[in-house]
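Labels run A, B, C and D following the written order; every chain starts at residue 1.
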Amino acid sequence: MSEFKTREQLAELVAADIPTGSVVNLGIGIPTLVSNFLKPEQEVILHTENGMLVMGREAVGQEIDPDLINAGKIPVIQMPGSSYFHHADSFAMMRGGHLDIAVLGAFQVSETGDLANWHTGAPDAIPAVGGAMDLATGAKRIFIIMELTTKKGESKLVKELTYPITGIGCVSRIYTEQAVFEIDKARGVLVRKLFGEASLESLQNLTGLDFALELE
Amino acid sequence: MSEFKTREQLAELVAADIPTGSVVNLGIGIPTLVSNFLKPEQEVILHTENGMLVMGREAVGQEIDPDLINAGKIPVIQMPGSSYFHHADSFAMMRGGHLDIAVLGAFQVSETGDLANWHTGAPDAIPAVGGAMDLATGAKRIFIIMELTTKKGESKLVKELTYPITGIGCVSRIYTEQAVFEIDKARGVLVRKLFGEASLESLQNLTGLDFALELE
Amino acid sequence: MSTKKYESADAAVADIGDGATIMIGGFGLAGQPVELIDALLRKKPKDLTIVANNAGNGDAGLALLIEAGCVKRILCSFPRQVDSHHFDAAYRAGKIELEVVPQGNLAERIRAAGAGIGAFFTPTGFGTLLAEGKETREINGRNYVLEYPIHADFALIKAYKADEMGNLVYRKTARNFGPIMATAAKTTIAQVSEILPTGSLDPEVIVTPGIFVQRIVPIANAVSLVSK
Amino acid sequence: MSTKKYESADAAVADIGDGATIMIGGFGLAGQPVELIDALLRKKPKDLTIVANNAGNGDAGLALLIEAGCVKRILCSFPRQVDSHHFDAAYRAGKIELEVVPQGNLAERIRAAGAGIGAFFTPTGFGTLLAEGKETREINGRNYVLEYPIHADFALIKAYKADEMGNLVYRKTARNFGPIMATAAKTTIAQVSEILPTGSLDPEVIVTPGIFVQRIVPIANAVSLVSK
């Protein structure tokens, strides 16, 4: 009986689902783990919003250079084929549809692919959006890595968002500890993978949504 | 008795009127003569629409490089401090008001500074605009070098344009063989220099316009 | 390592079909990918829409494509030139449609396509023939014209050097439209004098990142003419 | 030869007065002109409007400017960070107005100012809180928000090297907002590690042409921290 997936395992799954040669932007936090599982032969090109393509792994020791950081402000390394550019060119790549996949975290995702991941909506919360909206509307496909439920056990995959929206109908796949979902414009939410003792029924009970079971 | 000015003399006059350190774009044709009269200590920076700043003089002999040409497609040389950039950046400099002066030719200029210099309006004439309109609306000041009359003796300084317009109210100074005019938003057309036997009266008779005489 | 390198210009343009919209880099002949255009000419595609600054010079590249009747429509800023006789003849014979666009609006419309901008207000052209029928608006006391992006199926450009990933550097004023056209077309084909091993180009100097370039064609002694 | 070189950061910011709108380059601390900001701090100007990506990190540069109460209003994309305590305190105390702008729209609005664009339609932010009250439009089946340029009186940026004419090159991801802010401000002040004789920088590599830079301040061992 396989267990629910850990964050690292989900990051590995996402990495495996990224087609060869894709141009990918990994959002801050869990998504950055994905880069640890990308294989060289996948030839994935990592983009970071602050102006670099062909971004290398995290820098260690002598490699650390304060002028070479990723979107999460973590020092990274330069690779053969890397290029640097200013902010307008960097976000033109996003907005212009030149990124194949953006991997992001989420507070909530709706069954039509609306994404909420920039603001909890709490009155005293200081809003900060960064590149979240640009990525959500710009990347060809959005992969989400998130826990399926909040700490209070409520589903984060919902009929309608209750958090402030980041982007409308932009999510393609959602990787959670219990299952991998795909949002199909025509047929709604598909269950593509099941983990642990999760089942179509358990997922529908937990979320209150209807899914089609189409395991990959 | 000073004679009417030749093209070269007008180009020399224009060069002398360009303040130190100005960023200048010289249009195709007569305006390019101005660069021959700019003195090094004027530190004028020449911009060319096809993507170069600190453009040098015309290239000769071995210097000729087909990849290094000005807007008139004439080979030029590179200088210390030159820089190259693509077309969107080049015209952003114009449109963004970063050029101090553009020196252009003209079919007609109106007494309110409207400029006509891209299309004769003749039905069989093949239209071609190039950078004329971008320069006209973008540069802080427009200096025109043109003969005061057409070959048929009609004034090219008119009340209202009869040729298709390039830019509205954009001309600052007009250098002609008979006089230098300045267009003052409030007071209309001022005569700043007189050449040969030209006089306020002769100019007014020829153009049918009213001028204020304010010699520099 | 998958490669973007094509052995010949003919192979690189093989799938360009009739009715395609093609951007062609260059300012006059500087930066015009003459060998790529010659390869396209050999295929004799029909009803092409061309986006370029000019409409061909002398008897090379784009001028010959127009002479051969391949071009149905051209968007450009400066068609008529001393040596644009092939275009002039086709235009006068009513065999080619022309949309003249102010050079800066042409550049910004191409850039907007690559940058995902839906439309933009530019001061250039307000009140002129070239803004007739277009939406206008006054913003902070200045008049603007609303212009829309220009997209393309293919972009044929000439760069100086490439690495195997398709990163490009250009040479002097042969840069002109190349970098922005590379972002605005679905498929960008770059003619270069040399393909270097990846890592040879300084990351600070790369002008067109490889993600914008799908095909690279090494042509050692490319034609480099000075148009009259 | 007139020079753009200023002997000190203090001299370079001497004329920045109360109520000025100041763009500050940097993404976190990478590319943030800390020494220029420190000089500004020493002047204690009031009611400043700041345009930057973040709202200060830790206890350096922009964070101290906010802590000293110099900043009345800030336009940025990502104020709240692990180490944005000075901003958080000022914001919670109602001492600083905040306009959050999606990072790509912030970059494009700054670029638009420098490029003379009156306004532009962007897909980013459509249907979200950050587009409330803004004009929207559907173009070719996609929804857009109308955004306006952001101009500034001054831009404080950090480049890697300059030549005497003010041409600039940058270093890795410290480039970020510098080049576009340089085009959007009336007066651009660039902090550099070195000023080279004019002609030392390869024309193909210059990122910011000197026409955009009015003042250059050589600061050899600039603070270069990694924000937590």
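One rule holds for everything that comes next: a residue touches a chain if its C-beta (ideal position, glycine included) is under 8 Å from a C-beta of that chain, and two chains touch if they have at least 3 such contacts.
Here the structure is a predicted model, which means the values were calculated and not measured.
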Report task. Count the C-beta pairs in contact for B-D and for A-D, then report the pair with the higher count. Result -> A-D
Query raised in the report: Counting only C-alpha atoms to place each centre, which chain is farthest from subunit B?
Result: A
Report task. Provide the C-alpha centroid distance between subunit A and subunit C, rounded to the nearest whole angstrom. Result -> 35
**Report entry** Centroid spacing, where centroids are CA-atom means, of subunit A and subunit D in whole angstrom
**Finding:** 29
Query raised in the report: How many Å are there between the centre of subunit A and the centre of subunit B, using C-alpha atoms for each centre?
Result: 55
Report summary line: Multi-chain touching residues of subunit D, meaning two or more other chains, are 108, 111, 115-117, 122-123, 170-172, 203-204, 207
Requested in this report: Spell out, as numbers or ranges, the residues of subunit B touching 2 or more other chains.
Outcome: 52, 78, 84-85, 88, 92, 94-95, 138
Query raised in the report: Okay, what are all the chain pairs that touch?
Result: A-C, A-D, B-C, B-D, C-D
Query raised in the report: Taking the complex as given, what residues does subunit C use to touch subunit A?
Result: 1-2, 111, 113-117, 163-165, 167, 183, 197-199, 203-204, 206, 209-212
**Report entry** Complex contact set, residues of subunit C against subunit D
**Finding:** 108, 112, 115-123, 137, 139-140, 142, 144, 148, 169-172, 202-205, 207
Query raised in the report: For subunit A, which residues count as touching subunit D in their complex?
Result: 48-52, 64-69, 73, 75, 78, 84-88, 90-92, 94-95, 119, 124, 126-134, 137-138, 164-168
Query raised in the report: What residues on subunit C touch subunit B, complex-wise?
Result: 27-31, 53, 77-81, 87-88, 91-92, 98, 100-105, 107-108, 110-111, 122-130, 143, 170-180, 207, 224-227
Query raised in the report: In their complex, what parts of subunit A are in touch with subunit C?
Result: 20-21, 23, 43, 45, 47, 52-54, 78, 80-85, 88, 92-98, 138
